[in-house]
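Each in structure tokens, the structures are laid out below.
Two complexes come next, and they have one chain in common, chain A, joined by chain B in the first and chain C in the second.
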Partner chain A sequence: MRNYIIRRILTIIPMFFIISFISFVLINLSPSDPVEIILRANGVPVVTEELIEETKIELGLDQPFLVRYVNWLNDVIHLDFGKSYVTQQPVFKMISPAFGYTMQLALANTVVTIMLSIFLGIICAQFEGRMIDRGTRSFLFIISAMPAFWIGTLAIWFFSVKLNLLPTSGVGSWTNFVLPTMVMSIGYCGFYFRMIRNSMLENMNENYVVYARSCGVKEKVVVKHIFRNSIQTAVAAFCMAIPGMMAGTVVIENVFAWPGLGRLCVSSIFNRDLPIIQAYVLILALSYCLFNIFGDIVTAVLNPKLRKA
Partner chain B sequence: MMNVWSKIKKDRIAVSCLAIILMIIIVGIFANFFAPNDPLEINATLKFDGPSWEYPLGNDQLGRCMLSRLIFGIRTSVLFVLVAMFATISIGTILGIIAGYFKGKVDEVIMRVCDIVLSFPSEVMTLAIVGMFGTGLKNILLACILMKWAWFARVFRSAVMKYTDKNYVMFSKASGCKTGHILRKHILPAIFPEIAVMASNNISSQILMVSGLSFLGLGVQAPTPEWGMMLSEAKDAMLIHPYQMLPSGIAIMVMAVSFSFLGDSIRDAMDVKHEGYALKKNRFKRKRLAA
Partner chain C sequence: MKRIRILICCVMMMAMCVSLGACTSQDSGGTGEAKTTLTTARSKDIGDLNGHLYAGDMAAQGMVFDTLVENTADGPKAALAESWDISKDGTVYTFHLRKGVNFTDGQPFNAEAVKANIDAVQRNPEKHAWISLSKKIKSVDIVDDNTVNIVLSEPYYPILTELGLLRPYCMMSPATFINGETKDGVSAFVGTGPYKLTEHVQNQYATFVSNDEYWGGEPKIKTVTFKVLPAGQTAQLALQNGEIDFLYSNYSDAMLDSETLKSMGTNKDYQIVYSEPCATRFLMVNASKPETIIADKNIKEAIWYGINKEELSSEILSGLETPAETLFPSTAPYCDVKLKERTFDTAKAKKLIEASGWKMESGSEYYTKNGEKLSVRIEYRTDVAGVKGICEYLQSNLKDIGIELVLTGEEKSAYYDRRKTGDYDLLIDATWGVPYDPQSTMSAFSAPSSYLTSTQNLENSQEMFDWIDQALVSTDEVKRQELYTKVLNKIQDDACFIPLTDVQVIAVAPKDLKNITFNQSQYEIPFEKMYFE
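Up next is the complex of A and B:
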């Protein structure tokens, strides 16, 4: 078990190099010249060839590709992602509060999604084929096919404008969480709840359930057993849900003016602020990887059969 | 194949979804013929007008005909996504077949590249590519293709592997058939059900993603009509004209729901996963009985 965990954690190192290399290459593939963007953003009136050359040397852009990559990697390890082209502030200073906000939203979403999908999954598996099961399934199926930004704007209009119950956007109190969390988790729920429901249904016909029933074990206890066995597939998926949601909050953050990573990234795309986009890609890809490994370890702890693989 | 088609024909939901999709695609292709007005014509006097005979769905913030914009939006929101999907599937199928059929070093290389591509969350990479190369529908579709092919290649590879050792493939190999012939006549038809299921399940999420990015302003640029962007324009006028949000939102929803339902029906009709599972289970049982 320990070996498995260590082996799994060690895979982070090559992954880190691949991820960092790709995010570095992407910046260098960009057709727009960073020097020109910086000079324009700083309001330099006339951009001459000499000025471009000078700034290039100042930023170290005249060095060969690999040297720049190693230098950049060294900075990144020391949490220095460079300076924003537009505001001239360190990228780390801009990204870290946004990361916190996105994390808050992603965690709130994950908690609500897990609770909602477990609850609905159990209910629907218990009443398989009845009205409540079919109704919930078709409702969530249609909801998950609706664009989140549309549900979001409709929810803002209904709850905030028409009923004046909740704030339309921004952060501050717990009421700000209600709408974005509701809109996002209901979309994700459709996927996870079906997964739990199906694995519960599969487990229901297993021998141990028949045996427990025939022994006269109470229905509540039987459901508990089934649940414990069916949650395993869902746990790994839930671990993957956190980074997926961090990446998936982009649209919701923009709808609800949530000052998170996604909003920062989209505004940086409009400003062509490459260092921020680079840091965004690096951070999210890395956390995606970490949670992926975390999910694998949790699954291995829960299911001893997988450890040998 | 015929069997699947007759099964789908009996499924009323699937048939109506297929009809809706075909209808929307035809309307989109012949948009010039179906649209009542010019989608780009600005009419300042008709700003936010309600439905009328001339403008059946009313007018938007610039007085443009909503229905015409919706109809022309099919091209950007649906048809281009379908084209991108087709490209993704082609790349995925070709690489999947190469990896699964020839195995060895080629397989190793393709699969490692797939691993790297799949280790990046696709939403993030799409944003990254759009960020690097600039906004626009072309870059979004390019990002979709770049991020999705690996997923397809991997699924199709394992599908191909199931068939490479089948007797009829071995027989055609032994009787001297050319590799191209075997791939075309034996492997491709065998994995076709899997291709169809993967494609129909992916289209709706792809449509949602592209319209979402256009909603953020990263995709189609004004004034070209696109459903996601129409919604984002309508959102700005939410307080006074909430009705504006309905047409484009409903259009996206109808499209996504139809594709999802159709995908589910195709999967049920082909029963790709379940059949394999059931067969294995029976074989196991038989063995146990024999022992």
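Up next is the complex of A and C:
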């Protein structure tokens, strides 16, 4: 098990180099002159050729591509992501709070999604084919098919404007989490509760369940075992969903003015703020790798057979 | 049965949790907000407020910094300079500074501070090449503690207007300069303005507290908060919910759209306030490629005649913008000139197209010539609200006169690339507005990254650029008007810029917010003049 974990963690190193290089290449393939875009993003009314040249040298963009990549990589290894071209602030200082906010939202969403999915998955599996099962599936099918920005706007209108119960947007207290988490988790629940329900139904017909029941094992204990065996596929999917949520919060962050990574990244893309974009891509890619490993470990903990392997 | 009971209990517990959260929110939401605070929303963070650079939100900079003079509809007026004298040859401007003014960090505002500020701007010439004054200032000389001379290399009449522009000649506390410079940043944003920045959480909010020693009188609104909210529905809902008190929109940051304004207009608790027209939305016509369809003057004119601006204004823009017939409004300095009119006339448009050899085949919707369809492209910025709708309307207008208009929406950088390289037929853009119009916008006619692709291949275009240069240095008012008249006639006759509508600043606020006025520049909002009743 330990060797397995170490081996998995070591795979991050080549992945890091591959991801960083590909992202650096792709970002630099843009046909627009980054210097000109930076100057416009800085509000310079008229961009002259002299100013472009001066800024290019100032930012080190006159250097050959490989030199720039190696310099950047060297800095990144020392946790220095450079300075934002637009705000002139260290990228780390800008990304850290945004990462924190996105992580908070992603975690809140994960907790709600897991709890709701498990709850609804078990209920629907227990009442398979009955009104509550069909009703829940139909409701979540319809609601998760709706675009998040639309549900988000409707939710703000209803809960904040009409009922005046919750803040419309921003961060500050736990009440700010309610609407974005609710809107985000609806979409995810529609997928994960089905996964748990189907897995539970499959397990309910397994021989070990029939055997346990025929031996007179209490129903509570039987359900516990069914659940434990059913949850394994969902755990791997949940773990991969966390970085997915981090990357996919852009729409929610925009609707609810959440100062997270998504908004920062989109504005950086429009301003061609390369240091921020590169850091964003790298952080998200590493998050995917780490959560993937985390998912594998949790699955191994749940399933002793995998531990032995 | 037991399972159903458990299920019901769970649902009830969840409902209670939500209600509890909701109640807590209501309590902390605060409905009795003191009426000396105001919260507004912007789609972007206030950014770097260094007033000698261009990255910050101008509305926020306007709250913190002052200029020597203030641009008004009646011309430049006293601000930090109480009065000024001009030498006979027009090259020395002597400014008599307001006494007893301090920066909000306690540093005195005096001739030394003025010199430090202007010198710091002048030491960053590349960034300020767009403003002709930066090329004309020879020196800044201290006469005494409250008097300063600005010496020019040659007479330059827009000096007062350009010193009245917030950027780059606003006054910042020299104590915040880094090694006497501002081009690489400042240690704090400190000015003499009506407010001081007290808190800034990036991408969330910025709080400004009134400067009680403000030379223009203590502002009645004590705290102004800028919240970062996405433009559109969220901001409107936050306004309705009372989380923000003031929402305004200009060309560069359209926080309001026509639908929002329509719905707010019917709400008796809110008021909508419009500024005077302050900029012009127009079509930039490519003149850099003589072989293209759009280089034909008849086609340019036909497009101009073919656009129904009245309907565009009333139906598409819900009356928020008024039809424009000239690139600069007649209220802009030197622009009250009678120019050639081209009112909506489809018959005339078709005649012009046919005069260029285009023919309408039977059963065809568009004109053709030698098998080629009369088709032109229009590029628009996807980040500017409402512009796509305008382009779609133009598309239907031009279809009526047999021209196919192909729409391309692109992000800002791609759009500006096209403008610079001339890879377009039509671009939809807006002038900088007063007080930049006409002198700064006209100066940009010859700038490669601005309007050169629209002006470079016109007949005698170099002569037009010379007229602009001469107008800027002329000391004779009559001659200057003459030169501007020639330039205005030239661009109108050549149809290189097709005006569409005049743009206004629009503000929405609760009815009890009084004295909502606008500065001459569309980018600044005088919060210090507002108060709650």
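Just so we're on the same page, the second predicted complex is superposed on the first by the 282 of 309 C-alpha atoms of A that agree within 3 Å, B and C clash if a C-alpha of one lies under 4 Å from a C-alpha of the other, contacts with A are read in each partner's own complex, and residues count from 1 in each chain.
By our rule, a residue touches a chain if its C-beta (ideal position, glycine included) is under 8 Å from a C-beta of that chain, and two chains touch if they have at least 3 such contacts.
If you're wondering where the values come from, they're calculated on a predicted model, not measured in any experiment.
*Asks:* Looking at A:72, would you say it contacts chain B, chain C, both, or neither? Reply first, second, both or neither.
*Replies:* neither
*Asks:* For A:16, is the partner it touches chain B (first), chain C (second), both, or none of the two (neither)?
*Replies:* neither
*Asks:* Have a look at where A:85 lands relative to chain B and chain C in the superposition and call it first, second, both or neither.
*Replies:* The answer is neither, since A:85 touches no partner chain.
*Asks:* So, does A:188 touch the first partner chain B, the second partner chain C, both, or neither?
*Replies:* In the superposition, A:188 touches no partner, neither chain B nor chain C.
*Asks:* Now for A:161: first (chain B), second (chain C), both, or neither, which partner does it touch?
*Replies:* Both: A:161 reaches chain B and chain C.
*Asks:* Answer with first, second, both or neither: which of chain B and chain C does A:153 touch in the superposed model?
*Replies:* Touch status of A:153: both partners.
*Asks:* With both complexes superposed on chain A, which partner does A:244 reach: first (chain B), second (chain C), both or neither?
*Replies:* After superposition on chain A, A:244 lies in contact with chain B alone.
*Asks:* For A:274, select first, second, both or neither according to whether it touches chain B, chain C, the two together, or no partner.
*Replies:* In the superposition, A:274 touches chain B alone.
*Asks:* Determine, under the contact definition given at the top, whether A:259 touches first (chain B), second (chain C), both, or neither.
*Replies:* In the superposition, A:259 contacts chain C only.
*Asks:* On chain A, what residues does chain B touch that chain C touches as well?
*Replies:* On chain A, the residues that contact chain B in one structure and chain C in the other are 31-32, 153, 156-157, 161, 254-255, 270, 272.
*Asks:* Which bits of chain C are touching chain A when the two form their complex?
*Replies:* Going through chain C, the ones touching chain A are 3, 7, 10, 18, 21-26, 28-29, 44, 47-48, 53-56, 126-127, 129-131, 167, 184-185, 201-205, 227-230, 233-234, 237-238, 240-241, 243, 383, 411-414, 416-417, 420, 432, 440, 444, 447-450.
*Asks:* Quick one: which bits of chain A touch chain C in the complex? Just the residue numbers, please.
*Replies:* Interface residues on chain A, with respect to chain C: 31-33, 36-37, 40-51, 54, 86-89, 94, 97-98, 119, 123, 126-127, 132, 153, 156-157, 159-161, 163-171, 173-175, 178, 254-257, 259, 263-264, 267, 270, 272.
*Asks:* Give the list of chain B residues in touch with chain A in this complex.
*Replies:* Residues of chain B touching chain A: 116, 119-121, 123-125, 127-135, 204, 208, 211-212, 215-218, 228, 231-232, 234-235, 238-239, 242, 245, 249, 252-253, 256-257, 260-261.
*Asks:* Within the complex, which stretch of chain A touches chain B?
*Replies:* Per the stated touch rule, the residues are 15, 18-19, 22-23, 26-27, 29-32, 141-142, 144-150, 153-154, 156-157, 161, 243-244, 247-248, 250-251, 254-255, 265-266, 268-270, 272, 274, 277, 280-281, 284-285, 288-289, 292.
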